[in-house]
Amino acid sequence: MTWDTLVTNSPTFILGIPLLFAFLTALSGRFSKKIGDTLFFIALIATAFFVSLMSYEVLTGESWFYVFGAEQPSPENIRSFFRITFAADGFAVLATITIMITAVAAGIYSYGFMKFETGLNKFYTLFLLTLAGVNGMVLTGDLFNLFVWFEVTSVASCALVAFKNYRGESVEAALKYMILSTVGGLVILFSIGLLYGQHGVLNYALLREGITGSFIDKLALGLVMVILAMKASSVPMHMWAPDAYGEAPGSVTPFIAITSLGSLFVLFRLLFSVFSLTVVSGSILIILGTLSMIIGVSMALVQSDLKRLIAYLSVSQVGYMMMAVGVGLATLNTGDYDSFGELAMQGGLFHMINDGVYKALLFLSAVAVVHVTDIRSLNDLGGLAHKMPYVTFFFLLGALSIAGIPPLSGFSSKLLIYKSVYLYSPILAIVALVVSIITLAIIGKAFFNAFLGPDQGLVKRRVSKTMLLGMGILTVALVLFTLFPNIVVTEVVTPAIDALTETFEGVIP
Amino acid sequence: MDLSKTFDKALWVFHMNSGSCNACDIEIVAAITPRYDAERFGIKLVGSPRHADVLLFTGPVTTKMKDRVLRVYEQTPNPKVVLIIGNCGDTTGVFFDSYAIEGPIDTLLPEDAHIIYVNGCPVRPENIINGVKEAWIYLEKLRGDDK
Amino acid sequence: MPTQTIYTLIKQLFTKKATNPFPVKYTPENMHDAAELIEKDELEINPPVDVPPNFRGKLKYDIESCIGCQLCVKVCPSQALVFKEDNTVRHYVNRCTFCGQCVDICPTDSFEFTDEFLMAGPEKLYEDLVLNP
Amino acid sequence: MNFVLDWGIKFVLVLLISLIGIFLGLLYKGFDRKITAMMQSRIGPPLRQPFRDVKKLFMKETIIPDYAVPWLFNYAPIFALLPSLVALAYLPLGPFGPLMDGYGDLILLLYLLAIPAVAMAIGGLASGSPYATVGAQRELVLMMSYELPLAIAAVTLAYNYETFSVGVISSEPVWSTVGAMGFVGFALVLATLLAVMPGELSKVPFDQAEAETELAGGLFVEYSGRNLALFYIAEAVKMIFVGALLIALFFPYQLSTLIDPWISLGGPTIPLLEMGLWAMIADVAFFLVKLLVIIYVGVSVIRVAFARFQINKASYFYWVPMTIIGLLGTLLVVLERTGL
Amino acid sequence: MNYELPLSVEEVENYFKEKLEDDVNDFKTEEIKKGLKETGIELIWFTVKRERFRDAVKALAELQTPHLSVASGSDMGENIELIYHFQINYGYPGKEISINMKVHLPKEDLNIPSITDIVPGALTTEREKQEFLGVNVTNIPDSRRLWLEDDFPKDKYPWRWDHEGMEEMSKYVHSEDDETFDKPIAKYPRKKEIEKKKNRQDTMEEEKKKEDGEPDE
Amino acid sequence: MSREKDTTYEVPIGPIHPALKEPFLIKFKLKGEEIVDAEPFPGMNHRGIEFMGMHRNPMEVIPLSERICGICSIVHQHMFTTATEHALSIEPTNRARYIRTIMCELERIHSHILWAGVAAHEIGFDTHLHFTWKIREKVMDLLEYIAGNRVNYSMWTFGGVRRDITEEMYPKIFETLEYYENLYEKLEEIFLEDPSIKLRTRGVGVLTKKDALELCGVGPTVRASGVKKDVRIDQPYAAYGDLDLDYVIPSRYGFENKGDVFCKTVVRLKELLQSVDIIKKCVEQMPEGEITSEPKKAALLNKLGKSAGEGIGRIEAPRGEAIHYVRLSEERDDVDCWKIRASTYNNLSTYAPMFMGEQIADIPLIAASIDPCIGCMDRAEIIDINRGEVQSYTKEELHELSVKKTKQITKGGVE
């Protein structure tokens, strides 16, 4: 096995390793806990390694398509081939990096967090399955394959949500999540059927050529969009999110957030690469995004549960991305794209990676708070800063970043958004600015309620070192993004945009 | 105690009534209003003892106010000067034989407190300004600026 | 809009101020120097607002005319007057309420109001504050 | 190497501007107090009083209350001051263009305006006093309120110039870029900004957060000594910052160019800056006068002529009437730009 | 009889006699004339038996929402006398009558029913009576201390004359004087403004005298 | 934001608080910015004055009584002397009655202006604090001119007054009255027409007429609700019987008797004008004669020690009805029983209905609206008349309520 082989096959490894180790950790349950832990970390590190490998290759060299099954398709046999395609392009890199940072942090964090839970190996299995599923979703270049990964993610993450199944609320939340996911999967399957029936292909590139904007196409697109938007917890299908976030075992909460983000990635990819402008206009995205921003933030205003509050804030952050990418989509192929559309895209996608990081940081520190105090309601919390200085710091950093305070990374990406969308419509910029300020106030208030004030002796246990390490990794990432926003934008985000707007042009993988 | 010259020229004042008859208190307020305008000397009434340099105490200290008087004194950051306004703060004045009086104030404050007594019942606003002037002179003496 | 208020305010900006600049307009650099200058009559100070003719300021006690009848001690509400063995009374200015009952009742008019009211200093009892110690 | 040198010079300049900003801030604060007193028929403190106050505060003991979170409590004042100082570097000050340009500018400035408020709120909350808590909540509510008209104003300006760069906006006065309708629109926008100014600066009628009579100093109850001095300076600098921002956005006129047709102010040319000495002096003076007028109108007069609003009425004031006025302005500008 | 506001003193007296018969006695009415026009004000004092005291207040409440000014109380030796100062006929210029109801409580049995249900504003003064006179107000909704601090001795009542101990409790701040009197410290250097001012006034007075000296006529 | 928090928390205002010039504690329970409960704990100022008075002879008590409270120090002096006169059947001379009336009304002027300034200060309108206090100096000068001191006038003695108002004082009196008449319009403009003051005072701190009556409120506080209570008219003392006065209630001037802070302002301002009229009339009608019926002080002192009797002094202070009860006995030289009841004592219970549902921002204003003078107060209860029950808390309950968010209050808070 040469280096090149490793590189070219890295997408397989990214998916294969977690799957394999998921199996192994499940088995290891019979033996010792140690083995499970070791396997889990090996899997995480190996996956991360391959993600970086792939990223390096894509960002410095060329993107490529990784294909299972029939080697070289030709226009004649294309319909009958059994093939699975993975697109190792800029967009996939952006998505997998975002996912992996969170996954590694959450994995390490969970190790400390779940120490005293039973059945940890099950947890590892589910974790790795979800990881594989999400990565699969963003890497795949084929609709049916997408459905498969979608289902894997759904099942695994449902199980994760219900992991603490001795708690009634967990099961209830898991049930909700399950129903939604199942219905979602079925609907996706249905629309795949519709499309297949129409065009006879499922490969993105081929589909794109075939799609004409007929009613069926639109219907299929609409359905897929709805489901993905739902999974991405966009308004108006955001209801499930706070429940799921609130009830999942602490350490995987950010991971569920990442599946949402994954869905959003997929949504964008489908919109750009498959349906493109032929069928959809950016305005739907913009409207959904704006609504998400406003509704998310106003719901957050009334929350008293820390995790739910962050969940609602994350809904409103999703709105930013949708709005920005929507502006990009709306202006695609017009002159405006060059003047501000691309900027909006940059902002939107950069915001996604930022969001992945600071949201995870917020969730993890919120979880640490709940873990340490057993209290979820902000009204009962207080004075934690005295005993938990690190967590306070992490939370503050995440909070300032989500609120977009300069010079933190959240500001850089939001700035790009403001600077572009006002040219599309001034109202959008105003809304974005105001939502941002309200976010600031909300998170400031939450921060006060939980951490400031006199010490009330709520701290029952300690935050373990591994938990801190998990948050530390995210902090490092956040600081890096803060210090070098330009590099991230030019080196990672721009290729992703290029991939979205240009790939598959004339290539039949 | 570091008492530079600036200190006396920017005195922020916290007023506390510890059971006086209010006459001196309204004269204190009168001292900041246009006719006397203490602000021209940099005197400013503040709302929190934490911001204060000068504590204006009035009243013979009732039992219920005793702890609060001491607490306010402690809460005030150093260096600080106490101005006791009125005879009832100085000696308990007319309220000298009650079961509910703990004063006079200066007996409650620590030995090393810097106290200026302003006498009168009630003191005229000018006398309050005069008291501040005495405080300046006192501080200058403390620093050895008086030659 | 409170235009009337704003108008008045701007007018007051230019009219004469109500302040009586006692003793000086602004803080002098050094109070001691200033005080010395005042003593040497080189610095003019602004007098306080005028007191009325029968102002109740610090008391003046005429030890010569006192006959030691103690009536004043009986009506003094704050025990500012203490009867001494030598048939005179000691007066504590820092206890006095300036009510003037002693002035009224004294059969020989030994007590009298002055118009001094600037009494302040860093010592609790200095000579000025005790008459006939 | 060049890069390092460049940034080194910039750093020194930022430091210089900061010092000047602090000086001006305290001076104008003194001016504000003096003129307020005079309007109330008093003599008022001398102009240098704020300097004395600050000097004295630095000398005083700095008490950290038992219930405070020390690091947050101590850093909050610094984070209240720094943004305003940094912000000055992004603003054109009189004849000098912005030191740092092209980093997002107006948006950045808006955020830099928000940070002190947040820092104050966090500091207040960290002090653990109930008064400060109420004060901090009010500060946050107020911030949410005035940010809406502020955002409207900023976006309208940006829309007009198609950029957020303050440098560009101030290079040509708004009034000459638009016709009659836009003129009215911008007048409305200016009115909103003037209304936001006292809110930004926590002055009456929007000083709910530190309302002395209600909350005994609110946010700052527990602050003393150095920390209080920093807040004091921060407030002063913020005043300069907001004033200079208003000038840059709406009145970027220079005396030398205004009178150029009649009198030409030449003077020896200063190297590097490439402007005539006399012209520069005139422009600086003109800038200071403009600042004075803005502060007088936007702070002093309003401060003395209004009573403090209740917090809900203050919110309402910004969210409804001011927003409507602002949006009306935006509408007029947009209408004009799109040629309808 | 039909009683309509404003009542006269006699009517008030009759009204109470009618309502409470023998349980009210010692009626004393006063009229005090004041001013050039000799406008009179009227007061009425009477004693009511403790058992009927509430009835008396109720009877009063039937006439007009009673205005209770205050209840005063004093130690009369063998018993304690409470006086409830009510006002009636307020709102009728010059017609108002002070109704002072006295209730005597023997020292052995210092109980008096609360009237807060009839006159909500009476609570303050009832609580005050409890702590200052040792009276026990039965059914009082709130019997906490009102003015005295919580650790004030439970068996001391400042307004009672039969109590030892109040004298010791009250500090006599000024009393130490004659023996322990220290010489006051040396004269603190006072500034001259007082003398200056004096001089100024003297000159002014002289001037004035001069002016006055010149006869007007 | 804060409004959404559904737990209540407690904020104590006072006893040392810039809004309150006197020590006085009110504990508020807040829900966000809204007040859900208020309990005043007045009486930090309890000095035991009644006790002190009962250990001094009546002559000594006069200056003591004036130091119950120095804001309008004439009031308690007046009541104590009239009560003692009543007890001993001493008749003050008619000239003394007129001088007393003039002093009372001058004091009312100063007190109401002071109140207006304080109220303006509470709502952050320092300009008007400065303005009102500036014009207040004029009446202070006059009072000082008549009585020899700016506050605590020491004018009263048994049987009359100690200083005469002579002909040569008239010009100064008239000048002052004219000054206020001229300025009155401006005051009204400021306090009744200024939009930002109206915004703050209208509909704030409402006291209904029913509450006002049941809680035995007094003075401008209840007159603003339309209750006709005014001792000067109901039961004239001093020379008020000679002057035809009418109740100052808002409806007389075309306002609604709403009982909010605005109405209280109306009442106080109109009373200011009424006072000016009263003084004018008094000066015009002032009879000739002695200023005291007991000029021999030593004899009077003797008489006081030997006589017995009980009496009531009841007057309308600027803040409302106040009453003293005095009993003298033959055995003791000292006062035998002395009960003081100042206006605020009754008005404090009106806080409850006024505070409920209002905002923190209104606390100082509402607190000031009854013009509290705490000198003789200690604690009062909030009485919820809607439920007809008294809301009282045991110490434990209070403690429990404040466990959480208020830990800081018990120690660290600035009280």
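Observations
Each chain carries a letter (A, B, C, D, E and F) given by its place in the written order, and its residues are counted from 1.
Here is the rule we go by: a residue touches a chain if its C-beta (ideal position, glycine included) is under 8 Å from a C-beta of that chain, and two chains touch if they have at least 3 such contacts.
All figures in this text were calculated on a predicted structure; none of them were measured in a lab.
Between B-E and C-F, more C-beta contact pairs are found at C-F.
Chain centres computed from CA atoms place E at the largest separation from subunit D.
Farthest chain from subunit B (centres taken as the mean of C-alpha atoms): A. Centre-to-centre separation of subunit D and subunit E, using mean CA positions: 58 Å. With centres set at the average Cα position, the gap from subunit C to subunit D is 48 Å. Here the spacing of subunit B and subunit C, counted between their Cα centres, is 18 Å.
Centre-to-centre separation of subunit A and subunit D, using mean CA positions: 39 Å. Among the residues of subunit D, those touching two or more other chains are numbered 39-43, 46, 66-67, 128, 133, 137, 140-141, 144, 212-213, 215-216, 221-222, 304-306.
Residue positions 441, 445, 453-454 of subunit A are each in touch with at least two other chains. Touching of two or more other chains is recorded for residues 2, 5, 9, 17-19, 21, 23, 25-27, 35, 48-49, 77-79, 95, 97-98, 118, 121-123, 129 of subunit C. Of all residues in subunit F, those touching subunit C in their complex are 56-57, 59-64, 66-67, 127, 134, 137, 141, 144-145, 148-149, 152, 154, 157, 162-163, 186, 189-190, 193-196, 297-298, 301. Subunit D makes touch with subunit C in their complex at residues 35, 38-43, 46, 301, 304-306. Across the complex, subunit A meets subunit D through its residues 383, 385-386, 389, 392, 404-406, 411, 415, 418-419, 422-423, 426, 429-430, 433-434, 437-438, 440-441, 444-445, 447-448, 451-455.
Taken in their complex, subunit B has these residues touching subunit C: 5, 8-9, 34-37, 40-42, 87, 90-91, 93-94, 96, 106, 114-121, 123-124, 126-127, 129-131, 133-138, 140-141, 145-147. Partner subunit F is touched in their complex by these residues of subunit E: 32, 34-39, 41-43, 65, 67-70, 72-75, 83, 85, 87, 89-98, 100, 116-117, 119-125, 127, 132, 141-142, 144-148, 158-159, 166, 170.
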